[in-house]
Amino acid sequence: MDYTNQIREIASKLFAEGKIDVFVGYRMTGFDENQVPALIRDPNEVSKLVFTDKSVFNLTNYLKQDHTRNKRIGMVVKGCDSRALNLLLTESQVKRENLHIVGIPCKGVVDENGNKMQNCIECIFPNPVVFDEMVDGTPTGSEAPPYQVNTDIQNIAAMDLVERRAYFEEVFESCIRCNACRHSCPMCYCAKCCIDQETSTLYHGANTTSSAFHALMTWSLHLAGRCVDCRNCEKACPSHLPLHLLHKWNEQVIYENFQEHLAGVHEGDRGAFYKYSMKDPDDFIM
Amino acid sequence: MITLGLQEKNTLLTDVNKRSGANVLECYQCGKCVSTCPVSNFMDFPPREIMQMVKLGLKEQVYLANSTWFCLTCSACSGRCPREIEIPAVMEAIRHLALEENYTNKSAKVKAIRKFHDIFLDMIRRYGRSYELRLMVEHNIRTRDLFKDVMLAPTALLKGKIPLLVKPVKSAKAIRRMFKMAEKLEQKHK
Amino acid sequence: MKKITYFPGCSAHGTSKEFDETVKMVMKSLDVQLEEIPDWNCCGATSAHTLSEPLSYALPLRNLVLAEKLDNTTMAIPCASCYQRMKVTKVHLDKNPDLSKDIGTTIVDEGTYQGKIAVKSMLQYCYEDIGLDAIKARVTKSLAGMKLACYYGCLLTRPKAITQFDSPEYPMSMDHIVEALGAKATEFDYKTECCGASFSISNTEVVIRLTGKILEMAKESGAHALVVACPLCQSNLDMRQPQIEKQTGEKYNLPVFYFTQLMALAFGMPEKELMFRKHIVPVEGALAQIGKIEPEPEKVKKPKKAVEAESEAE
Amino acid sequence: MEAAVNNQLVSIEKPEIVAPPDWEPVIIGILCNWCSYAGSDLTGTSRIQYPPNIRIIRVPCSSRVDPWFLIKSLQTTADGVLVSGCHPGDCHYISGNYYARRRFLVTKKLLNFVGFHENRVQFSWVSAAEGPKFAKVVAKVTEDIKKLGPLHLYKKENFEK
Amino acid sequence: MARVGVFVCFCGANIADFVDVPAVVEEAKRIREVKFAIDYKYMCSDPGQQQIRDAIVQHRLTSIVVAACSPRMHEKTFRKALSDAGMNPYLLEVANIREHSSWVHQKDKKAATAKAADLVRMAVAKSIANEQLHEISVPVTKRALVIGGGIAGIQAALDIADARIPVVLVEKSPSIGGKMAQLDETFPTLDCSQCILTPKMVDVASHPYIELIPYAEVLELDGFVGNYKAKIKKKASYVNFKTCTGCGACWQKCPVKVPNEYNMGIDKRKAIYTPFPQAVPNKPVIDARYCTMLTKGKCGICSKVCEKGSIDYKMQDEIIEREIGAVVVATGYDLWDPKPYEEYGVGRFKDIITSLEFERMVSANGPTNGVPVRPSDGKVPKNVVFIKCIGSRDEAKGIEYCSKICCMYTTKHTILLHHKVHGSHSYVFYMDIRAAGKGYEEFVKKAQVDTGATYLRGRVSKIYKKGDKLMVRGEDAQIGQVVEVEADLVVLATAVVPNKDNPDLARLLGVSYDKYGYMSEAHPKLRPVETAKAGIFLAGCTQAPKDIPDTVAQASACAAKVCGIFAGDTMKKDPMISTVNKEFCSGCQNCVTVCPYGAIVTEEVPMGHGSKEMRTVAKINEGVCQGCGSCVAVCRSMAISLAGFTDPQIINEIVSI
């Protein structure tokens, strides 16, 4: 997967036509084989742009930042990124008219070791669901294959309660409450995160297992039905916590119990918690 | 007089509902089925009454009624039923339950109907196809009504309406297997 | 040239030979090739489902499996009873695939059920797939002058959920077909009342009562003959007619045609081949009406007003 | 509801921690004002007895219940939580309990996923007329929590009893 | 530092017998913030309340906890005590130690006491987070909008207008009167419908407080209770109502004849027409669908004969706006189309008619001058079969519910037939006779005895033609036999169905409606007139099938509700509603989606202090919010809080146990 040339071309064209102020893409770090996000404001710097299977990060995270607010932006999105974008549009965080979305028919990205990421293996929406143009020109719209149950989730769910408890106690213990997960998450754009608010921190110290538990649980519930499984959070986590477990679990519960499709697939769909069906499961309630 | 007890014991209702896939409790006794049914005046109890009797759990009366045997499964009633109850399915369920539980209506008419169906199936078992002349003759013999329709027969034969011979199905094995399977499944119900 | 699978049914070799023959003739003239299911068996008729539920699915299932092997998209069945048993089985199996597990074991030699063939009655096939225009185009000898009461019986349109064809209360498909042939279909309120079906042998009394009423209403409607699409209806209405006349003391003299016989007639095929001799009630009187067109009482034409918008405002 | 095959978790029915002999669980009951709170009042007026472990908090509607109330309760004072609202279709605020129902299911499953026994948080629909049902529900929840023993998981030290 | 006062009630023996009240007081005193705690025999009694009032002043208390019975019982009493002492009433918290402790733990005093102490502690903790709240007042526009000019709308409009509140009455058709104007006589008293209705219609037209807008539709309704703004489309009538005298020259000369809706299409009217002679306003309109001048540009006769020059072929639809405080919806009903009854030959047999067609025929001003006739041959029928429950109680073909009025109007029809056709006989196929209403059962009995009508219990299964008779077949379940009735005429009592425009109108108004299309009341028993949207009320068959007495009663109830809203210049509201902290709101608008009342809107605020860039945040409409808290729980940024049930209050309760 290498769309470097197409992206450079599109970016130059967009600058030339005066359609954008900023182009958000990827560039090489300059010191190793990995890539970092690039904000190109100068048409002459377009040649810095690259796109390969190492273009990992979900760039929509930049849309919530001040330096892109109310600017006309060109942006590269993969399937998962586009779902995040869809949600941001639905939740009125970005203006569609300010965006020029360049879609990538994603074939999966790789981790530091060059292995295809797990979420890419299980991905059922590799093609962007919202875009202005596709790099290879072909609009895509094939039917999504059925939902894939995450193998990690299956493994954890198969443990008994005591094992699960021990496993997660270790996870929450390892959290250093640096909030990198939150900052890297494109869906976390609140002016002041609830976890930092007074009511919420009441009776909790800053850096304890119990505060980590509270923060991560609340966070994952706020992302339930909204997480697009881009795994920015996991890449950002210095403790390498398996954060996706919480999100994927919620996603699966929602998918199987409410028959909701995945987050951000349809424009205007706010996620499972902001609607209901009379037919929702009721048997867990006495 | 009928004494009515706890409805929990109304196994007739649960059995009929389960077997037929219909819900007899939905019936509100409007009688549209009765006036629709082409044979309701031949029945001991027309469909509306059968429904009520099932609700009351009058098992013996329901199982022994000739109504289920007279039902032609013409589906006219269910097509008009305002509560969309599959009445033919209910009738069929009662008939099958009665057969399984060995309730037999001993009236001549029901016997004749029963005989007809027995002979018909017998014939399929043997030939895989039906054979009208044999059916008529055998039915007459077995219902001891030898001369019934005897006046019709010559004209019918003459006009080539009723063939003298039948071409049986080649794979008789398959037919036999079906009958065996059906018997086995019915045994399971019992 | 279209090709469809054909299931003649047991009666085709007996009571309803004329139906079978004329179907074949008409289809040939309409450029439809009939491919008969090899070694088909009886559908089980009323008897199978009266006495044994599993059997009532097993017998048609074998035919369905054999039919699918012929690789046509549609199967057409002249006999209404066979059609209904097949269609019921098909609908049931499509809804509960589990059902074919038990029953399917008995037909392993033939293959497994796929559920891909469409099951239609011959009437439905003529009306939906061939179409009135194609039928009209074939007519060489119009049946104008004939008044016909179209009798559908129970099984062609009922239950609606199974047949998915025409109205269960006042169907019009056959009426449209005979009108395409030039004849006039009468307003006949008993077109879907039951004729008594298999009680013909076991409970003749019922059949006589029911068919009597049907014949009476057909006569009332001013028809010269009845048209049917079901062998059992035909034999009940035709064979039993003298008996009924004896009982009621009324003369009906209503021959009972298969609609395909009339199609063949209108398509200009020789009368001799249409097997009218097989009918118990003589057909000559009815056929003699062809061509005798009564002068319609002239309608007093209303002077056209500026605007008459009858249908719009209600 | 058709049982979802994959999100059934393995739970074990044994005390999580051996309780001291005089231990009594604390259960927080969050009840909606219009149905369940009124129902619990009716339990009182009818003098129907139930175990004294529940501490009731009144909210206007089950849809007011933020999932983190449950998390917070389990982390601080409670050994178990019961949330109760109006029956589906009876919500005083038209549709509140439908939204709440979705959140409750996900919260319950998530808590269970990370190691809380599924009986730690329970839900019920109790109408204003269901005094006896409320007593039964409380008795069941209390019984369940007693079986599980005290909850120490992720508890802030101040609240460990 | 908070200063909390705790007052524990004995409630006679009710609490004291099972809870050690003094111990609870002692326990309360150990709480740091509690500056005063006392017990008393009956806290709700006047001396009890006096203790609270005194303590507030003496101990400079900042919040009060009363431990007594359920807050649903005496919260208001104690709040009043607080306000009497000059304290904000919302600083009160009630610990429910009676229903939740003493009454339910009667066998274990120790545990009950401990629980009571806990409940007091929780209440104290919550009260510390309580805030001063003030009743909300919302300004009110004192003008009501009534949609629909049938008897429901007429009654509601008159009652509201009589209270000297201006009313805007919008009617879709050219005249008010509705279905009732089509009726001949009314059950159970056989009053002439026109005689009792037309005076009311005239009252509407002449009432100084009613603005009647006929031939119009409501297009939009914005705002909230007390402050709605309605957009109304006046359809082009092509007749200048100001100059038209209603002389009738135009419609007498008009050459275009079309079926007359008022007479169910039995006879014809002209393209320019007044719906019926007593129409209000009695001004004609041109039906643009049929007028040849408007469709083809030919004719123009009406314009030529009009002496006043009132005809204006160039007239356009006009959109007007009105400011409104409350709305009454009275859109009435339609009759169900019996076409699905194919077994009856509906559509094939001309001599099968509906009840309203029969009503028009027997009506003195009807198309047949009050005598029923067979549409097929114009003969007067002798044997008439009435069939009830056509479409009603029929899930297969129609609707599940009972239409409520058919039993009675069919009874009335048997009487009318008996009166109008000598030697006639009625057969009534019925399933049940539902005559629940004042004088109804007596009416049915009288009709059965007087007319000798034959009642047959069963649903008709088939109708067929024999000669010029219709044969009606059904079971008479009482004798268990199938009967066939030779009928000259068959009258179908077709079901009542909601006005087909209801769903559209409901969406436009923001009111919910059921699966049939009836608009939904706020509570089926206790709020049958209100909708869930404050300030919008339902009258008549808009809500469910109803007879005239019920409709009129509901319309008057609507009027009372409307007058209640308009009783003051402002409306008072409970302050326990949501508020948005704009600083924290990220504008995701999820709260807007979940709010069941549409109480949340958005507003633009500056990005930062003094910034010119704007951002969108949520805004709660105080007039509409009912305080359920749905929005609070879905607000991830915790920007919304619900007064009285804020996060700090609830968390304080949780952690203080």
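Labels for the chains are A, B, C, D and E, by order of writing; each one numbers its residues from 1.
Methods note: contacts are C-beta pairs under 8 Å (C-beta built on N, C-alpha and C of every residue); 3 or more make two chains touch, one makes a residue touch a chain.
Worth saying up front: this structure is predicted, and the values here are computed from it rather than measured.
Chemist: For chain C and chain D, which third chains touch each of them?
Modeler: In this structure, the chains that contact chain D and also chain C are E.
Chemist: Going by C-alpha centres, which chain would you call the most central?
Modeler: The most central chain here turns out to be E.
Chemist: Centre to centre, by mean C-alpha position, how many angstrom separate chain B and chain E?
Modeler: Between these chains, centre-to-centre, one finds 53 Å.
Chemist: Can you compute the centre-to-centre distance for chain B and chain C, using the mean CA position of each chain? Integer Å is fine.
Modeler: 24
Chemist: How far is the middle of chain A from the middle of chain E, if each middle is the mean of its Cα atoms, in Å?
Modeler: Measuring from centre to centre gives 47 Å for this pair.
Chemist: Between chain B and chain D, what is the separation of their C-alpha centroids in Å?
Modeler: Centres of chain B and chain D (C-alpha means) sit 55 Å apart.
Chemist: Find every residue in chain C that makes contact with two or more other chains and list them.
Modeler: Residues 168-169 of chain C each touch two or more of the other chains.
Chemist: Two or more other chains touching the same residue: where does that happen in chain A?
Modeler: In chain A, the residues touching two or more other chains are 200, 203, 273-274.
Chemist: If I count partner chains per residue in chain B, which residues reach a count of at least 2?
Modeler: 80
Chemist: Pull out all the chain pairs that touch, please.
Modeler: Applying the touch criterion to every chain pair yields A-D, A-E, B-C, B-E, C-E, D-E.
Chemist: Note which residues of chain C are touching chain E in the complex, please.
Modeler: Residues 167-170, 187, 189-190, 217, 220, 305-310, 312-314.
Chemist: If you look only at chain D, which of its residues touch chain A in the complex?
Modeler: Interface residues on the chain D side: 1, 4-12, 67-68, 71-72, 75-76, 88-89, 95, 98-99, 101-117, 122-125, 137, 140, 153-156, 158-159.
Chemist: With touch defined as at the start, can you tell me which chain C residues reach chain B in the complex?
Modeler: Touch residues, chain C against chain B: 10-11, 13-15, 17, 39-42, 44-55, 58-59, 62, 102-103, 105-107, 109-110, 154-155, 158-160, 168-169, 192-194, 196-199, 201-204, 206, 210, 235, 239, 243, 277-280.
Chemist: Note which residues of chain B are touching chain E in the complex, please.
Modeler: Result: residues 28-36, 40-41, 46, 48-49, 80-84 of chain B touch chain E.
Chemist: Applying the document's contact rule, which stretches of chain A touch chain E when the two form their complex?
Modeler: Its residues touching chain E are 69-70, 91-93, 189-194, 197, 199-200, 202-203, 222, 270, 273-275.
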